[in-house]
Amino acid sequence: MTRAAATRNTPQAYRLGPDDKPVVFAAGFVLLILIVGTGYTLFTQGSMPLLQPQYLLQQLQVGSFLGIVAAGLMLVILLGHIDLSVPWTLTAAAMMATAAGGAWALPVGLGIGLLVGAINGLGVAYLRVPSMIFTLGVNAVMRGLMVAHTGGFAPQTAATDLMQYLAVARIGGVIPVALLVWLVVSIVVVVVLTRTILGRAIYAIGNRERAAYLSGIQTNRVILVAFALSGAMSGLAGVLLAGYSTKAYQGMGDAYLLPAIAAVVIGGTNILGGRGRYLGTLLGVILIVLLNSVLSIMQMPEAGRQIIYGTVIIAMLLVYGRGNTVTG
Amino acid sequence: PKIVSGPGPDPNCFKPWSAQTKYMQWDKKPGPYRIAVVNGFVGNTWRIQMLQTAKAYAEQSGVKEKIKEFKVVSTGTDVAAQLGAIEDFINQGFDAIITIAVAPDGFDRVIRLADRNNVVIVPFDNVLDTDKVMQVNEDQLEIGRLSARHLLKELGQKRDGKILEVRGLPGNSVDRDRHLGFREVMEKEGKFQIVEVVGNWDDGTAQKATADAIAVHGKFDGVFTQGGSTGSVRAMMDAKHPFVPMAGEGENGFRKLIAQHASAGLKGFSYSQSPGLVSISMKAAISALEGNPMPQLISVPIPAVDYTTLKDNVNYWSNLSDNFFAANEFPACGVNVTAPEIMAKDAKNTQ
Amino acid sequence: MSDAVLTRDAAEAGDAARRRGSLGLKLQQQAGILGALALFIVLYLFYQANHPRGFTGQILIQNANEAFALALIAMAQTVPVLMAGLDLSVGAVMTLSGCIASHLVNGTPSEIALGIATCIGVSASCGFINGCVVVYGRIQPIIATLATSAIYMGFALILRPTPGGKVHEDLSWALTNDVREFALTFGLFENGEAAWLQPFAWVPVPLVLLGLIVVLIWVPFTRTVTGRTVYAIGSSEGAAYMSGLPINRAKLAAFTMAGLFAGLGGLFLALQTSSGNADIPQAGAYTLNSIAAVVIGGTSLLGGTGSAIGSVIGALVLRTISFNFRIFDIAPLLQPLFEGLVLLAAVSLGGLKLLRLKNKLEVFR
Amino acid sequence: MTEPEPFFVLENVSKRYGGVHALQDVNFACARGSIHAVLGENGAGKSTLMKIMAGVVQPDVGRMMLEGSPVAFPNPAAANRAGIVCIFQELSLMPELTVADNITLSNPPYRFGLIDGRAQRRRSEELLARVGCEDINPSSRVADLPLSRRQMVEIAKALGRNPDLLILDEATSALTAKDVDRVYRLLFDLKARNLSILYISHRMHEIEALADRCSVFRNGRHVETFTKGARSRDEIIGLMIGREIEGQFPPKPSRPRPAPLIEIRDLAWENRLTGVTLEAGRGEIVGLGGLDGQGQKELLLALFGVLRGVSGKVMVEGNVVAPSSPNAAKNGRARLALVPEDRKSEGLILSMSISDNLSMASLGRLSWGPFINAGRARAAVERAIEQLRIKIGDPSDPVSTLSGGNQQKVVIAKWLATNPDVILLNDPTRGIDVGTKQEIYRLMRELAEAGACILFYSTDYEELIGCCDRVAVMYDGRIVRELAGDAINEHNLIASALNIVEQREPTHV
């Protein structure tokens, strides 16, 4: 709750420091999951599919949707805000994309995401409504719009070939295109965070907006842009997801908000903003995706899943050496 | 309502669940009636189609005349809100309230009030664990059994091997019953290794879960997907898994895929928990208000097709969206609102 | 605030002015709550006035029953929010408590009492655990509780893999009706006919319970050092520590209170539905609505200012919005849209005060 | 004069923070019935020593004796119970709580086992009266009070715990002359009641006025303790910074008043600014005088585009400008820069690195389009560091690890990087030691010579007298008098600050 008085801050993405701890631990935990999962498969059917490239590639392909969402969300969380409108921003983008169809599908999808994000940004930055609650409202509005849309306009829901290509195609039958898309997004985010004024401003606002404002940073505009970017990424994820299941449908985004938040914080980003590295988020996503997959493979009942989820998150954050106490 | 002895009117529409099913009779009320639909969760295609159907059915001639006021609310997943809405409509003096229960219990109070005010409550789809109200549903256990029998039939003599079961929303009674029905038959008939994953009746989730299962277990001999069937098939196609006998829900997309790939081995079976149930519930409510004795538990025939009986533009629509549920009309009940009529019309004739 | 020398009489004048000023000051400091209250009254009168059986007992009872659980969850959310933390586990704790109730709150009076005690005890402990994770684990509340909520949901699912269970019917009936019915059910006060009872025999029991909880738990809490420290932490944790206030005790207490309130909410929900249901979406919905209620009730998510009473009003506002949907004919497929818009509008009202803000630095707190 | 027997004693106390020796093998004692001043540069270890006495931090080695018996304080509460109360330099008030709550919360009056609000208010009124602040309403929120009043509340709060040892760590840094007098009277009164008082301040004249004994610290070591008058001011300063310092203020150039660069006409805002009219030209340092809270801060904020609804005109070289935000202000026709009131929350982003802070205001000029040019940024940082002789370990350390003086230098440096035409300084030397102050004065003069126009608000008359070419004294949101040349003296400043001169238009003496 107290803003740490003298915690290191590392906009430079690659450099040793306390921020590396999450990266290391997350990576370690990913391995642990794979080992446990393999142990299980060895025991049950004497094979170890989890260590085979095609399984891992498939997980990365599926994970890239979550990864893209998390990348966007991270920008917002670094500001000390949050975007709860992800589920229906994603769905809306997907549904409008398929409804537009043809060459327009992709731009429309991204555009919708960008637009919704911008609306979030306006509410949070200019009206100063707490993001927690404004984005919640926007989420509800988007749901309403999509329900009316499906009910009223019998929209086309089939994903275009391009969308399907981006989501499921594999280059040389090996590398999933989705993975490449995720890669591009990641590079963009890293560059933004570490090499641009915008990134610097995001960290500054996340730490102390007052000082950032008095330094002549246009904080409202920065917040607006960050939310818009986050929205656009949700939109992109939606478009890909529609491609993956060859169609857009109600509620397709529901499964993406909480895992994305979890991935970001497991990656070591401070939920209060100002601190965190993208690499951590990347690993956080992989961790979550593999955990999901292995639990599903183990046919873990829902109760067990929930408990394991919670425990993992707490355990990870505990080992990261805890937030600072009040400084003297 | 009084407990009476059958039979009731229109038996091939209002089919009693079993021989033991008792009949209920409310005091006759003069029409036209005020009817409310209290939906819970909205925001998936099935619910939207259901609401549309309800609206369309209320407009249908022969029904229109009998309805004075028709109101629909969606209360979300919050049981307190749903109970509140039902009670509110009782207070407002509505004659019948159709609802999809958010939870199978907890309606004792509203049922008590309804009886006190001689209001007919008709839960359908997600029904209540009580025999104090008239309810409308398809037999979920039977759906499980039918699916199992289809797989067995398509497997021929084979009575072992791996079967994938993609389940629905954990904790939901529908999921439970379909599962039990399926297992009952499968386990009686053979010794299969049945792999269970959770698909939440959602295409994306089902698709991921199926993909994982295939990645780990290699090849399956048959698949039963409670919902999100399209997703399961997509996963198999992505994984280059050979097509195998399969049972699943009634999404148009699933039926399209069966029609396409049946020859390639996708020997599919598609039952349908039809959104049209709402119209039957409305019809039943009206009939009850008119003083007819009604079965307490009405079993709606399960509209099912398989790869042999699929017919384009009859029980699936190759040129329409994947998402809606193909089976919507119940001619036996004079419920003739077809899925395309409500899900494929454009903006102009909705407003 | 000029430093001009205060002469004797000037000082007295100042005193007098202050005495007069104090009330105004109070009101101004309570502006948030008052605003919410006004909003609620308008919406609710609107609903009652347009209801065919407006202003009658049944409607009041029905509304009270529907609002109670949400009101308590909102109270629960308030306490951590006051110290600038969020508790995302209130919904889960509520659900868990409900599931326990559906197993235990039945049978002989003593069994029932024990069952109720268990529910309260367990949910308070859940809150306490949250507190420990936050205080000793030093994890941000919002994340800590996001995690624990999953765990509590897990246990709820173990207790109730599928919905069901039973709670004592008379109790459930009595608690979801008005005072007279309550007395009648348990043969108290000459079966509710006692003359002195009549003036408020019509009052719904949930309202009575709500009042009792506020007066017996919340108000005293705010008048203890621990309670004030909760506000102090939200206002400035460093300062609170420097002032030698019991930081950790306050944090633990705050989360425990949250658990307690959430548990009571779940208990009532179980009584109301006479069953338990480990429904994840429902738990989530309650958690999010609790936050909305808190904000509408005039409590700052930044902590330090606000009150559980405001949150109760916020919850009532939320409920009343959906009441109105049952009165007016809105195309079913447009309802979710309207709901969203209204919610958005309600929470955006706060934004208007910015327009009056003359010093832009006041935006950042 | 005999040694008074010690009340609280520290023996061989050391404290390190990572590499830094905050305190090294310090022996220190203070007695009842005396006011004991602690002096030292920024980062000398004063606050750390006090924080140890007050239980905020624990010493690595060493022991503490209270009236002969050894003690250890795990937290501030423990120290308070032992009768040791500290007013920390970072105020420890809770903004959203009422004054009454702040004053009495740690041990409130009870009634039926619950806190008694009315008694709370009565008690606070008494305490406020004791520090001569009857004008503060106990039920108003602290956040609504100006800094100077908050410090008085802080003092009242400390009194409320009737301490045996009262520590004031720069507790008067924001007080106005009048409040300082009140505090003096109070402290003497307390001393008379046989309290032991430790007083930290960077203002020599305060020390001279108050202290019986002085202890000087340097780089975490206790240099010397002596009774009042045993040493001259220069000697003391010598002890503090370990070198002699000649004349504190750089000489003022004597030249005709330059043409105005910035002209302010009838600037008004709310009821805090009531028609300010002022001119300042390149090469000028114009001081803003007057009691605290007469609108000086608002004036600076208004010029910097932070305030909404400002009426009146601001002209730069004859063209009207109306910046709508700091961003507009710093990129406007004349580039403005503001060194804000509170460096810890407004000037710096404490948890970010020194280099990030230094480049924060000038990112625009250090980048190609949206991309930061790492090389140029690094160069700029290095330039700034050596231009202001900022003492740092590594530019990538968090700025919070610098001592106040150096933190303040960072704030100034980050604005110099935008090479501004008009520099607005809001009390830039608060809580900063003599040595650093001197550097800042010299810097100001250099900037002026280089053609900058400086508006300089200070609560310290000596500074205004020493640095400024002109001083505009503000009273109740207006400029009541403008002093220039020799007219800038203590008497005129105080007279016009209290607005004793009968109301007339600003006069140019």
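Letters A, B, C and D mark the chains as written, and numbering starts fresh at 1 in each.
In the analysis below, contacts are C-beta pairs under 8 Å (C-beta built on N, C-alpha and C of every residue); 3 or more make two chains touch, one makes a residue touch a chain.
Being a predicted model, the structure only gives us computed values, none of them experimental.
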item: Leader among chain pairs (count of C-beta contacts); value: A-C
item: Euclidean distance of C-alpha centroids - subunit A vs subunit D, Å; value: 44
item: Centre distance in Å when subunit A and subunit C are each reduced to the mean of their C-alpha atoms; value: 32
item: Whole-Å gap separating subunit B and subunit D, where each centre is the average of the chain's CA atoms; value: 73
item: For subunit B, residues that touch 2 or more chains besides their own; value: 42-43, 48, 51-52, 170-171
item: Touching two or more other chains - residues of subunit C; value: 157, 161, 238, 241, 303, 333, 335-336, 360-361
item: Interface hub residues of subunit D, defined as touching at least two other chains; value: 56, 306, 325, 346
item: All touching chain pairs, where touch follows the definition stated at the start; value: A-B, A-C, A-D, B-C, C-D
item: Contacting residues of subunit A [partner subunit D, same complex]; value: 3-9, 11, 195-198, 200-201, 203-204, 207-208, 210-218, 274-275, 328
item: Interfacial residue positions of subunit A with respect to subunit B in the complex; value: 41, 45, 47, 49-50, 54-55, 58, 62, 143, 146-147, 150-158, 168, 241, 244-247, 249-252, 254-255, 292-293, 296-297, 299, 301-302
item: In the complex, subunit B residues that touch subunit C; value: 37, 39, 41-43, 48, 51-52, 54-55, 71-81, 83-85, 87-89, 91-93, 102-109, 129, 170-173, 176
item: Contact set on subunit B toward subunit A in their complex; value: 42-45, 48, 51-52, 170-171, 195-198, 202-205, 207-209, 211-213, 215-218, 230-231, 234, 238-239, 253, 321-323, 343-347, 350-351
item: Residue ranges of subunit C touching subunit B (in the complex, touch as defined); value: 51-53, 56, 58-59, 62-63, 65-66, 68-70, 157, 160-165, 169, 172-173, 176, 269, 272-275, 277-279, 281-282, 285-286, 319, 322-323, 325-326, 329, 332-333, 335-336
